[in-house]
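Both of the next two complexes hold subunit A, though its partner changes from subunit B to subunit C.
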Partner chain A sequence: MFGRMGTMVYIDLTERRVKKEPLPNYLYEDYLGGAGVNARLLYENIPPEMDSLDPSAVVILGVGPLVGTIVPSSGRIEITAKSPVTGIFGDSNAGGDFGPELKFAGYDHLVIRGKAKEPVYLWIDNDQIEIRDARPLWGKSTWEADELLKKIHGDRELKTALIGPAAENGILYGTVIINRYRACGKTGMGTVFASKNLKGIAVTGSKDVKINDPEASEEIVEKMMKAIKSHPGFERFAAYGTMLIQHSYQAHGKLPVKNRQEIGLPEDLFARLSTQAFDKVKVRDLACFNCPVHCSSWHEVTEGRYQGQKGEKPEFVAVAAFGTNLGNYDMNSVCFFQNLSNQYGIDMMEFGNTLGLAMEAYQRGLLKKEETDGIALEWGDQDAIETMFFKTVRSEGSGKVLGEGVHRLTKRLGKEAEGFTTDVKGYGHSWGDCRSSLLWGLAYGTASRGGDHLKSFPAIDESGRKDLALQLFGTELAANPQSEEAKGKANAWFENYSAVLDSLGLCKFAFTWIGLMAADSKFPDLIAEALTAATGTPYDGKRLLQCGERIYNVEKAFNVRCGLKRKDDYLPLRMLDTPAPAGPRKGEILRPIYEKMLNEYYEARGWDQETSIPTSQKLKELGLEDVDQDLAPLRKPGKA
Partner chain B sequence: MARNMDHKVLSFDLNKCTGCRACEIRCSFKHFRLINPTKSRIRIIKFEEFGLNVPTVCQQCTEAACMKVCPTKALREDLDTGARIIDDRRCIGCNLCMNICPFGALTLTSEKKLIKCTLCQGDPYCVKYCETGALSYEKVEKTEVEKRYQFAKKMADSVK
Partner chain C sequence: MGACYLVIPEMTSVNIKFYMGIESITGSGHETFSFQGNTLGELVSQLIGRYPSLKTCFEERDGLEPAPGISILVNSREIMWLEKMATRLSGGDEIVFLRFVSGG
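After this line comes the complex of A and B, so read on.
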């Protein structure tokens, strides 16, 4: 088999059974691999009423057909399960070396169900797959466990996907950490692992990833590399990675401050979280598997309260989560919390959103000291942030509440908190202030996993690529962040394109932010050519995007079966009904525009305006007759 | 035995290696037309605990222990490049060269084929695809010039 390894593994932790099966044709032809195949398998294996932490619920790992090939930035792994945070579709994606190693061991997908009696981990050494005792690893940080596994197996090069103590202690948004510094961060995949008594997976492999047409593959990759490196911002992306986002947000009125009560910072405060502040701690560039962008870095904090901190990154997400959103303007502390989040295995974004919400509730007198174990939740108080972090990862006292996430805290605080929560479909939404960035606002609203920027990642409105907007969406205004024109269409297109990238195993920073936005890049056709060369199955850009559309509709159908409707595709009240406090749309209200964009989005999607349920016609067009039948009873009488 | 100073060598700068492993991927792809890091003649040892990546590859030693130990003289020098090359027809698979190499630079693939760096006939693919220039292929007396300059610049910057 070319591109793919051709084997998926079913692992039952209750029965302690491992069964290998060939990857069925329809799955990889129609769903590509990685996120796409995962989504379909989740749809087939989780009935709507099943709880996400039910022992018989599945958690699925998948690597796409371009993972471990010469295609750049192709090392992504996708983990998919019903989310314990939101109770709807959940998945999460990370780079690093684990995904490729799983392929070198011979596998495309792992479907894990059941619950072990005692903590276990999976040991995968090529053909041999063992369920092993993880009692010595339980309670250990991901860094300690990674080190221990290397010692136990006498193999310094094995790759790990591990949960940390946070998930073990019951936090809902626990992560699966890939080789210490990469996180499958969203939607609580680590918590699903913990519910199965699964500490993680260690893998080593020495099999070939075969390419159907190596010569063609080489030529296409040359073109891809050229496109990616032709982006005028390439050098800066390579030097600073996502650290550039705070600069873009600061410039365009999107930087969230104090749970989004404010937008943007005075220059003196911003400087403390800028790339210049990062330069003081950055040591050298680091990269994921086969990535020319090398957006990661090694950092070492050499002074102050957090002196001695060492690790990879931090990301912009950490800058917002522990910095601006909590009123804490200190790059060194961002490094500290990024490292702790990786060690304990906690989604930085959901924690930052939840603590931000709690701090604002405290500011407004909705939350009293008696409810926070006596801690004053003052903005920017590093002692308070640290204390609450440790309480959360250990599920102690008020930390237990923070460990349940934005949605449950909002419910607890009551009606008034709905005015300043970030809750979208049960998850805190991403960082950019939607009121100054219409397309991203729509993206957060419609994301199948709740409040998320990466499901769509519609970078066009920050790229200035009017020509591309005209070509793809029929109007240059699609690239204008302040125009509502064509945003529904654009969001649907980017959701499909992102589904393709997540399914093939490609990085969105390289293939959307940089690659797609580079002039003359010819994506997604080039990606289709690369897939054809790798697998031998003919694809073109159109067919690829249709696979993306099919995948997104399956994720949507999963959520429809969980009871989601049009009302669930809205942003929270602060974004919709409170005038933007700053930025290019200062003083404006988003809601009327949002309604229009959402209508246009459903139109572009072929989903019902009132219920948001995919129409019968659309599902049949995508070959999803079985899904159509599943959804039929949920449609209103008389609706197709 | 003196090194032929006309020959170039592979050298590396640890501070520039990002650990992306493009060299491993391209090495296996060039020589086997597939991707498999265990079939790469260059390997990146990742020290994730302190964020350093160390390329390991045959040093094409002047006093090559592998050549000396080989009972069938299956290892010979490529006179154009100075690379020590395995002659598959003579190799009996005793693996003594693997055992004696102090750098672990000879590898046995899963098909029991012994492989080592050949310098790609003077055009090493790993160097071509090294994004940051951490790997370079240059005359031995030049290898430290750039590093010396960078170090000197750091010192100069610190006092200017």
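After this line comes the complex of A and C, so read on.
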């Protein structure tokens, strides 16, 4: 088999059984690999009523057909399960080099179910797969466990995917940390591992990924590299990665401050979280597997309260989660909290959103000191943030409540909190203020895994690419962040495109943020050519995007079976009904525009306007007759 | 012979920010800048007078325009959706010079 390794592994931790099976044709032809195959397997293996932490529930790891090849930025791994935070579709994706290593060991997907009696880890050394005792690793941070596994196996090059103490202690949004610094952060995949007594996976492999047409592959990769490097901002991306976003947000009036009560910062405060502030601790550049962008870097804090902190560069997510959203304007502390998050295995965004909500509740008098173990939850108080972080990862006192996430805290706080929560489908939404940037706002609302920017990643907004907007969506206005024109169509397109990237194993920063936005990039087609060269199966951009659409519809169908409807695709009240306090649409209300965009989105998707359920016609067009039958009883009488 | 009047354009004072490496060209991250006139084009030509290297962020097409990848925001709106270099400015406006980066 070309491109893929051709093997899936079913692991039952209750029975301690490992079974290898060939990857079925229909899965890789229609769902590509990685996220797509994972989504389909989840749909087939989890009935809607099953709890995400039920021992019979599956958690699936997948790598795509371009992972581990010479295609640039092809090191992604996808983990998929029903989310313990939201109770709906959950998945999470990370870079690094665990994904390629899993492939070099010979596998495309691991489907894990059951619950081990004692903590275990999976040891994968090429053809050999063992369920091993993880008792010595349990309770250890991901960094300590990674180190211990390298010692046990005498291999410094071992690649690991591990959970930390946060998930073990029952926090709902525990992460799976890839090689210490990369996180499958969203939707609590680490908590699902913990529910199975699975500390993680260590893998080493030495097989080759066979390529159908290596010569063509090389030519295409050259074109891809040229396109990626032709982006006028390439050097800046390479130097700072997502840290450029805080500058863009500050300029565009999107930077979330104090749980989104405010937008943007005075320049003297902003400077403390800028790339210049990071320059003081930056040591050298780093990259994921085979990535020319190398958007990461190594930091070392050499002075002050956080002296001695070392690790990979904080992403913008961390700058907002521990910085602006909590009123804390100190880059060194952001480095510290990001390192802690990786060590303890906690989703920074959900923690930052939950603590931000708690701080605003405290400010409003809805939360009292008696309910916070005596801690005054004052904005920017680093001691308070640190104390609450440790209480959360240890599930102690009020930290237990924070460990349940935004949605459950909102419910506990009552009606008033609905006016300032960030809850979308049970998860706190991503950082941009949606009132200033309509397309990203719609993307947060419709994301299948709740409140998220990466399921769509519609980077046309604010890219300046009027020409691309015209080409893809028939109007230049699709690239105007303040126009509602064509936003539904654009969001659907980007969701499909992102599903393709996550399924092939390609990084969105390289292939959307930079690659697609570089002039003349021709990306969907170029990716299709790379897939054709790798696998020998002919693809073009159109077919690829149809696979993306199929994948997104399966994720949607999973959620429809869990009971989700149109009302679940809305942003929270602060974003919809409170006038923007600053930014380009200062004083305006988003709701009427959002309704229009959502209608256009459902139309572009072929989903019912009233219920949001995919129509029978759309599902049949995508070859999803079985899904159509499943959804038929959930449709309103007379609706197809 | 009648009297000869010299019309001196009004001064406008705006808040300027330079981000994403442009501050290393100007040596300044943000400042209040007063210029003669009331359009972005007038502001930019006077800024270039003060910071000659800022010219690298522009190119001549139909007059001076931002170079590829350079974005200019007036009160958080990109000038490509306003009147480009003819965008009118008022006292107290915020003008940010940065690079195109879109992010979630």
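Definition applied: the second predicted complex is superposed on the first by the 640 of 640 C-alpha atoms of A that agree within 3 Å, B and C clash if a C-alpha of one lies under 4 Å from a C-alpha of the other, contacts with A are read in each partner's own complex, and residues count from 1 in each chain.
Keep this in mind: a contact is a pair of C-beta atoms (placed from the backbone, for glycine too) under 8 Å apart; a residue touches a chain by one contact, two chains touch by 3 or more.
In this text the structure is predicted, and so the values were computed from the model without any measurement.
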Subunit A as common anchor, with subunit B and subunit C clashing or fitting: fit
Touched partner set for A:147, first subunit B, second subunit C, both or neither: first
Which of subunit B and subunit C A:329 touches, first, second, both or neither: neither
Which superposed partner A:290 touches (first subunit B, second subunit C, both, neither): first
Partner chain(s) touched by A:107 [first = subunit B, second = subunit C, both, neither]: neither
Which superposed partner A:31 touches (first subunit B, second subunit C, both, neither): neither
Partner chain in contact with A:494 - subunit B first, subunit C second, else both or neither: neither
Minimal inter-chain CA distance - subunit C and subunit B, angstrom: 15
Overlap of subunit C and subunit B interfaces on subunit A (superposed complexes): none
Of subunit C, residues touching subunit A in the complex: 17, 19-21, 23, 29-30, 67-71, 73, 75-78, 80-81, 96, 98-104
Of all residues in subunit B, those that touch subunit A in their complex: 15-16, 18-22, 25-26, 29, 32-39, 45-46, 48-53, 110, 131-132
Partner subunit B, residues of subunit A touching it in the complex: 68-70, 97, 104, 143, 146-147, 156-157, 179-181, 206-211, 214, 218, 283-292, 294, 296, 298, 310-312
Subunit A - residues contacting subunit C, complex: 231-233, 236-237, 242, 244-245, 247-253, 267, 271, 275-276, 316, 430-432, 436, 440, 443-444, 453-454, 457, 459-464, 466, 480-483, 513, 517, 519, 583-584
